[in-house]
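Provided herewith is a single structure, encoded as structure tokens, for subsequent inquiry.
Chains: A, B, C and D, in written order; residue numbering restarts at 1 for each.
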Amino acid sequence: MEVLAEFGTPEQQERWLRPLLDGTIRSAFCMTEPAVASSDATNISTSITRDGDMYVINGRKWWSSGAMDPRCEVLIVMGKSSPDADRHRQQSQILVPRDTPGVHVKRGVHVFGYTDGTHGGHAEIEFTDVRVPVSNVIAGEGEGFAIAQARLGPGRIHHCMRSLGAAERALELMCRRITSRVAWGAPLADQGVIQDWIADARVRIEAARLLVLKTAWLMDTVGNKGAHTEIQSIKILVPSTTEWILDKAIQAHGGGGVSQDFPLAMMWAHNRTLRLADGPDEVHKRSLARREIRKYQ
Amino acid sequence: MEVLAEFGTPEQQERWLRPLLDGTIRSAFCMTEPAVASSDATNISTSITRDGDMYVINGRKWWSSGAMDPRCEVLIVMGKSSPDADRHRQQSQILVPRDTPGVHVKRGVHVFGYTDGTHGGHAEIEFTDVRVPVSNVIAGEGEGFAIAQARLGPGRIHHCMRSLGAAERALELMCRRITSRVAWGAPLADQGVIQDWIADARVRIEAARLLVLKTAWLMDTVGNKGAHTEIQSIKILVPSTTEWILDKAIQAHGGGGVSQDFPLAMMWAHNRTLRLADGPDEVHKRSLARREIRKYQ
Amino acid sequence: MEVLAEFGTPEQQERWLRPLLDGTIRSAFCMTEPAVASSDATNISTSITRDGDMYVINGRKWWSSGAMDPRCEVLIVMGKSSPDADRHRQQSQILVPRDTPGVHVKRGVHVFGYTDGTHGGHAEIEFTDVRVPVSNVIAGEGEGFAIAQARLGPGRIHHCMRSLGAAERALELMCRRITSRVAWGAPLADQGVIQDWIADARVRIEAARLLVLKTAWLMDTVGNKGAHTEIQSIKILVPSTTEWILDKAIQAHGGGGVSQDFPLAMMWAHNRTLRLADGPDEVHKRSLARREIRKYQ
Amino acid sequence: MEVLAEFGTPEQQERWLRPLLDGTIRSAFCMTEPAVASSDATNISTSITRDGDMYVINGRKWWSSGAMDPRCEVLIVMGKSSPDADRHRQQSQILVPRDTPGVHVKRGVHVFGYTDGTHGGHAEIEFTDVRVPVSNVIAGEGEGFAIAQARLGPGRIHHCMRSLGAAERALELMCRRITSRVAWGAPLADQGVIQDWIADARVRIEAARLLVLKTAWLMDTVGNKGAHTEIQSIKILVPSTTEWILDKAIQAHGGGGVSQDFPLAMMWAHNRTLRLADGPDEVHKRSLARREIRKYQ
């Protein structure tokens, strides 16, 4: 929706954005590919080839969240339209109705055993000679990379905010559990090791939250570009912080922690994907470090 | 099977051990309870009450692995038979045919999103006024804790051996992956951070393996009791080592790592339970530390 | 000085505070004792016994920073004046001129190999039947613990601010070093592992700094008491964060890092004491955790 | 001594090895240079230039341990004799009597404030047009790198054995301390967090020791070359393991831990150098990882 709102033509918005906002249809975003290291977006190899008034799409995508929802009617597909252009001008994004011939939703991809919702998981989709009108391209040929960048900033802070919420909830669940369980004659809450976890959890949540809040404030005041380093910082800091807290909360819950009786295991699995989604931590750390080093070169 | 082989009467062995060894039936072990911190075995609260020639069992168990297998015909249940006896003499273990009235297999407990096998997970079982003959008790009333201890040593080293195997496999999968994927113009294998993971993985596997081998040798030469500290040591060291390696292997696989396309996520989820199974790490560390400190008291 | 400014009588301020502010004399604070775990302030065992118009002081102190400075003329000594009073009312603080008979500055205590300044280190001082007038007590008998608490809040945030400064400086030194050194044909700055350190350093500094700033703002707006949890949080978070960064900066400097050619080793040694000064991390974590847990009890 | 015993000519052994073995003189090894990243041995830039029957040496070395001892009479200097030869054939090692004109021992290099012995530290030495006979070269021109490699294997395992000894001693000191100190009404030994440290310390020492023992056995049975991976593994594993244990022991000792009253701070400082000596951990990890990855390429 955000992509269409910001980059769509009036026609595209009329046809797709309005029903999306009305909640009558769903969309999915098709970027990551199973066959290449997609953290380097220039690796993306789905082809978008001009043929008269049509584009022909061929390739394979996965982690297309929402595409398995029966209400999903449109896909935004990122692919290589200009293989010989400058590195960041090779990709385009294009609207593909899900019922277009050649679109084959093959299966759901799972996350640690979870299908992430009732529709069977994040879709793997094959595109075989899929033809859509030229007018379906978003913001023009070669704009794919720029749109992706514009979309990722807000996406990342949403991920981090939700992740922090999970951390806060895990801490509460842990506190509730340890005050209600007894071992060796005393509540688990009296165990020094568990107290140590709780202190670390609280301190780490507070520090991470302030960095998220500062990032949000920067996005509001100087824009996504001005907040680039901070967005990267929270993407690096928050999911791993939350992962550590969820792990301790699971441990404090014993067997219940890994089971379906508490939300911790599912929260953990979902949160674990955030160290990979929108680029693995290592890519963001490398990029942030290079900017830091550049000050002294 | 090991419990029956070591502690069963000839009649018990004839009736249950033989078909188990023949593979015609399956058994399950019912120890952990959802309502109490079972790492403190004296917390176990399922009651086993004498009534003439019968014992009457009431309580709730979970993580009874294998009990959902349709071939499972017998349960070994641990419960409190002598609440007023000395702390380590309160528990007994008793054989309960699964079709005994009052035995209710309620559901499967999941591990992260996995059901761990085709039968729906580790069973949660309710026992309501379940009656079995007195002759079904194993090794005598009050022996439950001692049997559990005897059984856990070998069980723990098996867990550790399998866990190390998973670590070794994860390291291989990681190496294969990074030599076949390219990002920013070079194979992932050229990334310094990934090389760092691989070196740490190899070094930690080698050190952990030697400690497991020494433990096995001690169990063979001086027995489970003489190897007590070492069994505890590998229980502490191995699962967390393997967890770290699996995490890095998942990270190197990108989205594939958390999905069903590689065995890593499932291996991770199973391995995560080992930091809880047979007592959480923290319990073993406390016990080992106290023995270490005692040398100086 | 802060103690006298806040709690001193006009006479005490006239005699000691004025020359301290003029810079003509120095003072030292004598709290920690070598013979007891001083993180539990009730352990402090130096005795302050009333004898007519005088107090008689007996005991041994160390880590009395500044007492070896030849300009040091007065000591503030904390000791047990009312052993039978309520736990937090047993201690008093009292002014002791350094040239009082019975005051014996025994030696300097080192920090790793450093003497911390030109005067030989933090003093160890023995008090043997040291007699001072009753009027030298600060804020009244039994107020020692309360004064100590009042003094520690501001002291702790100063420590954390300086520690963060050290972290920032270490990061700069590391960046300068790696851009100017070459190994295997490329500057160290190209090594992925070092980039990973730099990214982590930057992210952790930013998050920690925001928490320090929030703490300072709370101290200004709601007072030291209202900022209690935050003061404890930064005391837990900052020194260990800085320690990690200093360690990586040292590593990037090779042999130079541990030597006197760069300030890193000395900064590291000083920063290491902050995980102990004013109570070890573990004490603060326990206290913070208990307040967190109390919400759910 | 080991270099001369293995690679020296009979004349070199007669003149230098015999008095070294008799203990009447001392030697020092001059390899590391302050101006270059010496972990890449090809960076070493001290020049050794042939001039008739003499070699002329120019350059600057540091961390020449033992060179400040007044009994030190001979230096083994590594330098570049054939800058145009193959990468690993450029360096030679040569014997230089310490009283040769042009040898200037400038100062001692410290380790975290310690001078490491009574002679003022590890020497920094300047060589200005130092002339020694051609016969002083060890094992021939271009053999410097090979000798260094041969010497480093045994040196590294010695470092690791001593480091493990320090870890074992730190664990004992920690146990003794916590059983003799009381806070909040109980010995520190009852604190769960400290017990956790002790368990981890014991487990990590045991695993590391087995890897050192296996390495020693491999060196005895298949030689230093056959034990290459294991030597690297313990160099990576042991110093950082010991560092962690020393840190916890210091923490358990409070202010005493960083002072001269216990050996812990000095042991820590010395042990910290081992993560840099003979090449920083990162270099060894990269090398080990590449061999691991090569299996799959």
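As a working rule, contacts are C-beta pairs under 8 Å (C-beta built on N, C-alpha and C of every residue); 3 or more make two chains touch, one makes a residue touch a chain.
Keep in mind that what you see is a predicted model, and the values were worked out from it rather than measured.
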Fill in the blank from the handout: Computed over C-alpha atoms, the centroid farthest from that of subunit C is that of chain B
Handout entry: Inter-centroid spacing, subunit C versus subunit A (mean Cα positions, whole Å)
Key = 44
Exercise for the section: State, to the nearest whole Å, the distance from the C-alpha centre of subunit A to the C-alpha centre of subunit B. Expected result: 35
Problem - Separation of subunit B from subunit C, taking each centre as the mean of its C-alpha atoms, in whole Å - result: 47
Problem - Per-residue overlap in subunit B, given as positions that touch at least 2 other chains - result: 191-196, 282, 285
Practice task
For this assembly, give the contact graph shape among line, ring, star, complete and other.
Solution key: complete
Completion exercise
Listed in rising order, subunit B residues that touch subunit A in their complex are 32, 34, 36-40, 43, 62-63, 109-115, 181-184, 188, 191, 193-194, 250-251, 254-261, 265-266, 268-269, 272-273, 275-277, 280-282, 285
Handout entry: Interfacial residue positions of subunit C with respect to subunit A in the complex
Key = 171-172, 175-176, 178-179, 189, 192, 194-200, 202-204, 206-208, 210-211, 214, 230, 233, 236-237, 282, 284-286, 288-290, 292-293, 295-297
Completion exercise
Within the complex, subunit B is touched by subunit C residues 191-196
